[in-house]
Amino acid sequence: MTYGKQRVYKKVEVIGVSPVSIEEAIKSALHRAHHSLERVSWFEVEETRGHVNEKGEVSEYQVVLKVAFELK
Amino acid sequence: MTYGKQRVYKKVEVIGVSPVSIEEAIKSALHRAHHSLERVSWFEVEETRGHVNEKGEVSEYQVVLKVAFELK
Amino acid sequence: MTYGKQRVYKKVEVIGVSPVSIEEAIKSALHRAHHSLERVSWFEVEETRGHVNEKGEVSEYQVVLKVAFELK
Amino acid sequence: MTYGKQRVYKKVEVIGVSPVSIEEAIKSALHRAHHSLERVSWFEVEETRGHVNEKGEVSEYQVVLKVAFELK
Amino acid sequence: MTYGKQRVYKKVEVIGVSPVSIEEAIKSALHRAHHSLERVSWFEVEETRGHVNEKGEVSEYQVVLKVAFELK
Amino acid sequence: MTYGKQRVYKKVEVIGVSPVSIEEAIKSALHRAHHSLERVSWFEVEETRGHVNEKGEVSEYQVVLKVAFELK
Amino acid sequence: MTYGKQRVYKKVEVIGVSPVSIEEAIKSALHRAHHSLERVSWFEVEETRGHVNEKGEVSEYQVVLKVAFELK
Amino acid sequence: MTYGKQRVYKKVEVIGVSPVSIEEAIKSALHRAHHSLERVSWFEVEETRGHVNEKGEVSEYQVVLKVAFELK
Amino acid sequence: MTYGKQRVYKKVEVIGVSPVSIEEAIKSALHRAHHSLERVSWFEVEETRGHVNEKGEVSEYQVVLKVAFELK
Amino acid sequence: MTYGKQRVYKKVEVIGVSPVSIEEAIKSALHRAHHSLERVSWFEVEETRGHVNEKGEVSEYQVVLKVAFELK
Amino acid sequence: MTYGKQRVYKKVEVIGVSPVSIEEAIKSALHRAHHSLERVSWFEVEETRGHVNEKGEVSEYQVVLKVAFELK
Amino acid sequence: MTYGKQRVYKKVEVIGVSPVSIEEAIKSALHRAHHSLERVSWFEVEETRGHVNEKGEVSEYQVVLKVAFELK
């Protein structure tokens, strides 16, 4: 990539989930985005939330991300 | 849906309008989203605005929504 | 356009860059959006940033925009 | 109205109340603004609040709006 | 109530739901708060969201409120 | 005032200054507003800032307020 | 208190009022919280507002606070 | 102007438009404000938006400003 | 849980700490909430902070959460 | 100072504390900044917090400020 | 620069001014930062403001920036 | 540290990166700050972002922190 050169990026908002960790929830969302979007360049965490089961344990982390990729 | 199971959601931003009410503007946006997106799971109201006619009446409510749906 | 008439808009987030000015970065993003999206109606500037080269000069302005267009 | 033509708008903040609904509170504020301001073009909802009576019922909805009108 | 007189309020965050409207979701939360809290004086809407069923219809509005009441 | 009765408020933004304290800056703005606006009902502090003299002392507190009054 | 040791805090939102000053409104809320909550550790000011009497004077300062205390 | 001396400012919100640039939209709003308000001291940009024509070009920049002036 | 059925949730703000990780701080807060509140359904991370010891190491992560549970 | 003349300011974030009042906490931070920074021109209050002792009294106000000074 | 390699950045807040344009105000701040800071990598616009002269003209644009640079 | 005793803190903004986890990115920034700043007392996470490589994997987490330390 050369700075100053004409290009346009798009950002889309996705939510990844993981029973393990915040990082795994991020990776899960990026993995899915890699399949349907053009190559993702970076991500930004918007929100971190989660679901709690009946024992008071985290059943999953839910991470809302913006992912950015270049429009070719 | 089972919590903790791998899945990814996407959120898109849409604007519905209605001359009648905020609820009708929401429904209008969801109705349209139902046609082109995979099944919508939930929505979040981002902004409520409206246009006013020359008699000082609301000609339409404009509701900016995020709608979320699972990526299959 | 007639206010009060049923219609739905969508907003997407894009980033335009330009070595020249904030306005050129906006135009660059709109030009690209015009090719792939249905007709854009308006834009909203979300963020203005930029890259700086080794001489301390702006190598490019980066403008994050929301662009809105009617869903037909 | 022609886009690109020189004009200036002003926004003022008003609060409408209604015992009935959020929409009626909005209309009430617009009705009043219509009398003292130049023609209102649009509104933006800033806050929705309300008062509760001793039975736990909503005695009124209070909606804080920005209303915009063209300065002639 | 006399302004300037010593008193303390508390605010708690509750979420009301209704399949009908935003106003009904607010009333539902206030009705419940009326039973367990001391007399509620006012509310502030924090967020408006909702669930969507498989036909693309709003199955319920979810309104996040702050409700305020005087501590006796 | 009776809750549920039709009325409309307006909010305007003013800045009061005082070399003494934040409270005096608020009072100064309210005193001035009392002369030109209809009776002010309440205020909300938006920002607190100040100017510093060459000895590193506060030469004045500047408080940005919204003041609200009923439109008759 | 030892950092790194397991403990959990709770924050609750309270509003103190005083005809005298912002500091007195804070103290008033803390005094009340001290009676019903476990020992308060710190507070954070969320909002500063006030009521104005018919002479344009502050009849009371209203300070919205979060107060935090350890859950034993 | 002498710091520490009693004075009160007011801020009003205006929107300027220009087909040329963000700076021209700001100037346009200030020019208009200069005619009806007491002398404007400073401005703050709140939002930058714009309208897009059917060719994907910016037909106008719309800049929402707060303008501040001293109340005499 | 059936969507559209009458129910009310409450959210409370708690802070969990852990010398190990952000996830452990979340779990610690949820574990404690599970003992005193009705069954927690979900959480939202509000703030992530931490204390640093004299060697420049994280002595604990402090995570401010909202936890939500149904009022029965 | 002449407006329009080339100059650059820097803002740094400091926290002042005082057992007495918010104003004293501000002055305390400015007094310290006066010793190590070039001449401070203005300040902006970012956050107001405090510590509470075991009797429920404010042991100190903590005010987070941005202080701005010209770079020579 | 290689992503994934250990490095630390710092951000500082500066304000540039220019009688000409927003872009010139940005450049002015970057030019000054280039002299005293290690090499600046990027900037983010935080606020755009300006001073207005007695004719209602912009005497200067004031742009508040965060500038980021790598700590070596 | 004794509460109520005169002291002043400063906060600076730093960005740590790590290919491994959010916690490692935080530690990396704190480690660096420990070398050049006076003893850091606490940190606050401002933003969590990251870079993505051509396989759709996280090449590094980037965490923007405020770190606070006492000015002696």
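Chains here go by letter, A, B, C, D, E, F, G, H, I, J, K and L, matching the order in which they are written, and residues are numbered from 1 within each.
Criterion: a contact is a pair of C-beta atoms (placed from the backbone, for glycine too) under 8 Å apart; a residue touches a chain by one contact, two chains touch by 3 or more.
On a predicted model such as this, the values are computed, not experimentally measured, just so you know.
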Touching chain D and also chain F, the following chains: H
Centroid spacing, where centroids are CA-atom means, of chain E and chain I in whole angstrom: 22
Whole-Å gap separating chain F and chain K, where each centre is the average of the chain's CA atoms: 32
Whole-Å gap separating chain B and chain J, where each centre is the average of the chain's CA atoms: 44
Sites on chain J at which at least two other chains make contact: 12, 22, 33, 51
Arrangement of touching chains [line / ring / star / complete / other]: other
All pairs of touching chains, each written as two labels joined by a dash: A-B, A-C, A-I, A-L, B-C, B-D, B-E, C-H, C-K, D-E, D-F, D-H, E-G, E-I, F-G, F-H, F-J, G-I, G-J, H-K, I-L, J-K, J-L, K-L
In the complex with chain H, residue positions of chain D that touch it: 3-12, 66, 68, 71
Residue ranges of chain K touching chain H (in the complex, touch as defined): 21-22, 47-52, 54-58, 61
Chain A to chain B touching residues, read off their complex: 12-19, 28-29, 32-33, 36, 51, 53, 59-60, 64
Complex interface listing, chain B residues touching chain E: 21-23, 26-27, 30-31, 33-35, 39-45, 67
